[in-house]
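Provided herewith is a single structure, encoded as structure tokens, for subsequent inquiry.
Each chain carries a letter (A, B and C) given by its place in the written order, and its residues are counted from 1.
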């Protein structure tokens, strides 16, 4: 939970350069103002990116000095032909598929409802939003306990509903990712909830008033005003979720460690295991570069979509 | 966030509190049906809210139950009536969590301070100063937003190793300072501030630094606090980076501590839940104190880890 | 003095007593900072990264099967005879087999504490009712699959649930240990890996047959298909199964269960020869700048722990320190001495840079075995998956050297 994503940072909005304001005297102070941030930007974003690309072509080991022997495209070849790599990418996709619909539909539903209810706002905020700002480790400890096979809360509740000997959620390959997805939906829905609420505030009230005068039912108002007016927020929510899914690490590391077997292993899990457990920085870098490319493509796509929507709006 | 792009002022509080009042000037019958609809909405949402609270309540309940009871299973925990603070005492007496609190507070506070100062300086330069290379800086910063810093954990580890910074607080702090999006949030906010004050200060001979410090920053408290809280929460919650750059228990942050030592608790489920709640507690308090700012910050920037 | 370990559960409690004793000897509670980490790869990752980051603990625990890899990565200080002699020890003070397992290119890198074989626990109350105990209230020796299955069936009659239990869910080490124990008992079983892990040399037919046998045990209901580490214990503790298979360290947990009468024996020889999966805990000194003073303190700590080998043996482990192993006190320990012989035919994981307790190798293989026992994967599917995943590691140039 650290990398920021932004929508449209307003290139279009930056003022046109007026020649008379182009004071040459600004250049030195401007760079001094930018220098501290730029230093860290270069040191911890640009330089690691370059290092990563270079190391991906070597058999770099964490316990050996230097880059090690030249590997050419060997690390890439290994990753691209390795079933674990593709299964990690597939698990990422799987996670996206499991989490996005509930995160969109439920968050939308909660926001619409919360927008109509005047009492209990504090409760809703507490219930839906607070989990989002808690550390993943605390979330995982809570849910691991709920998922405890046989004696955990979930198993007991399943027992009440007549499910005998329910499959252990995190221990069964076919449903372990579902367990992680449920936890994630619970954890992060507050973020989308807030985005939708904000979106709702931007819908001009007159639209509803006009519709009400025309005799539109609340449902019709939602169907024909709210949903279309929130389409931009929905696009944003979906794209952010895809990017977040690509970077998923915490929940998997904490809840299943990628298991059972490799049934829930994801890209960042594969990368960190390669680097820090297997000591293979070169191979980990190659996997990092591949993941990096995918994420950047989607991030660029997101900017393009956002800009297109803005133009239409 | 959908609207931040074009609006030059920071968006208003998307107050959940400011629920839309029901439409005025409507007929009686539709007013009634609308009211009934709102009641249904309230009930449905209430059910979901309770559902959403269950995991937390379960953790709290377990943490107040003796380990010997929670070891048996969920039904026993439900049946158990008494309350005990023993699990909390175990964790707090254990000592490790105090180190984690210190590490989390220190790293989050220092990172936040440096991020806010450096990012607002850059934002100010981009907003107010005309200089050669401005376009380049802008494009580079834009690109920076798209760089997924998590993916860089391996090279960052190697770099920190090369300069012998592993296993220090700095290994957690320094890589998290370039919080690129903050630069844009600051720039946008500054763009919306009236320029008259600065112009008169300039005529009085004030330099950029003085304008930034004495005029711009005092006017920017809302955005500064929103960014500070977001940065703080992000650093506090980050698991990936500190998990690998810090290996010593006394230097671990809360998430790393919780993640690393959970195995050593064995079947002391109540202790585990107590540690989880203690780890979450500072953020719950932060939320209660600053909920408006946090909600505003999240909604206004579309920041997500 | 800092000390890192991976001892959870009963081992952790036992260790704490030993650490308290050490602190008492040192005359202060500030003498020692001990930290316990999550078991397996996460622990070894922490030890490795801390050593790379120049802040390792003074002493750490490592499995014998992992210590050699740490040494090859240059993360450990050599344990010379001089170092040993500084606290009155010598390499001949340890079980030769265990000592040898920590030697790399003629240099030793670890000081062994114990051997911990995979054993069979039995609930005496259930076994008595099932007619499985002799006149001395001890388990009648079981030999061969027929007797084993008969015993399980008889026990199942009594419990109404299962005959024996072993963890299959959320666990990779336990299924591996159980499998490796039975596989190694068979004539013609070959090591899983050879040549430092570059070759996969397991006997596919035997592996498939052994997996099928395990699947049969769970499939027939004699053993549970899906139970996790804690659940598999609880079944035996609460009389829902007569037998429970796990490392001997769970003796502490078993002893803490009120009213439980239990015994422990080596895993019966179901096939051709006695064998059991095992590993050894050892002390290692991570690479760091040490003053003679620091080295002395570290070795003083190790010596204190070794001197408390009998306390450690209370926790189930077979001492590697000969003065303890050969002591009359140890011989008198029940049920510890009942399975001490298992250490003699212990089978360690095959050496490879990705092998050892809690390693990628165990994770890969153990996960598949768990799936087979849960009835989710067929033996053939499991073998194919193992082969493919291990193949990647086998083909990879050793990153340690």
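Methods note: a residue touches a chain if its C-beta (ideal position, glycine included) is under 8 Å from a C-beta of that chain, and two chains touch if they have at least 3 such contacts.
Model, not experiment: these values are computed from the prediction.
Novice: If you walk from chain to touching chain, how few steps can bring you from subunit A to subunit C?
Specialist: 1
Novice: Among the chains, which has its CA centre at the largest distance from subunit C's?
Specialist: So the farthest one, by centre of C-alpha atoms, is B.
Novice: Count the C-beta pairs in contact for every pair of chains, then give the pair with the highest total.
Specialist: Highest contact count belongs to chains A-B.
Novice: Roughly how many whole angstrom separate the Cα centroids of subunit A and subunit C?
Specialist: 39
Novice: What whole-Å value do you get for the distance between subunit B and subunit C if each is reduced to the mean of its CA atoms?
Specialist: Whole-Å distance between the two chain centres: 42.
Novice: Provide the C-alpha centroid distance between subunit A and subunit B, rounded to the nearest whole angstrom.
Specialist: 15
Novice: Multi-chain contacts in subunit A: which residues touch at least two other chains?
Specialist: Expected reply: 62, 148, 150-151, 276.
Novice: Give the residues of subunit C that touch two or more other chains, as numbers and ranges in rising order.
Specialist: Where subunit C meets two or more other chains at a single residue, that happens at 45, 49, 52, 230.
Novice: Spell out, as numbers or ranges, the residues of subunit B touching 2 or more other chains.
Specialist: 157, 161, 244, 259, 262
Novice: Residue numbers of subunit A touching subunit C in their complex, please.
Specialist: Residue positions touching the partner: 59, 61-64, 78, 82-84, 148-151, 165, 167-168, 170-173, 259-262, 273, 276-280, 283.
Novice: What residues of subunit B sit close enough to touch subunit C in their complex?
Specialist: 96, 157, 161, 164, 166-167, 244-245, 247-250, 259-267
Novice: Which of the residues in subunit C end up touching subunit B in this complex?
Specialist: 6-10, 12, 33, 35-39, 42, 45-47, 49-50, 52-55, 230
Novice: So in the complex, which bits of subunit C are touching subunit A?
Specialist: 41, 44-45, 48-49, 52, 73-75, 169-170, 172, 226-228, 230-231, 234, 353-354, 360, 363-364, 367-368, 370-371, 374, 376, 385, 388-389, 392, 396-397, 399-400
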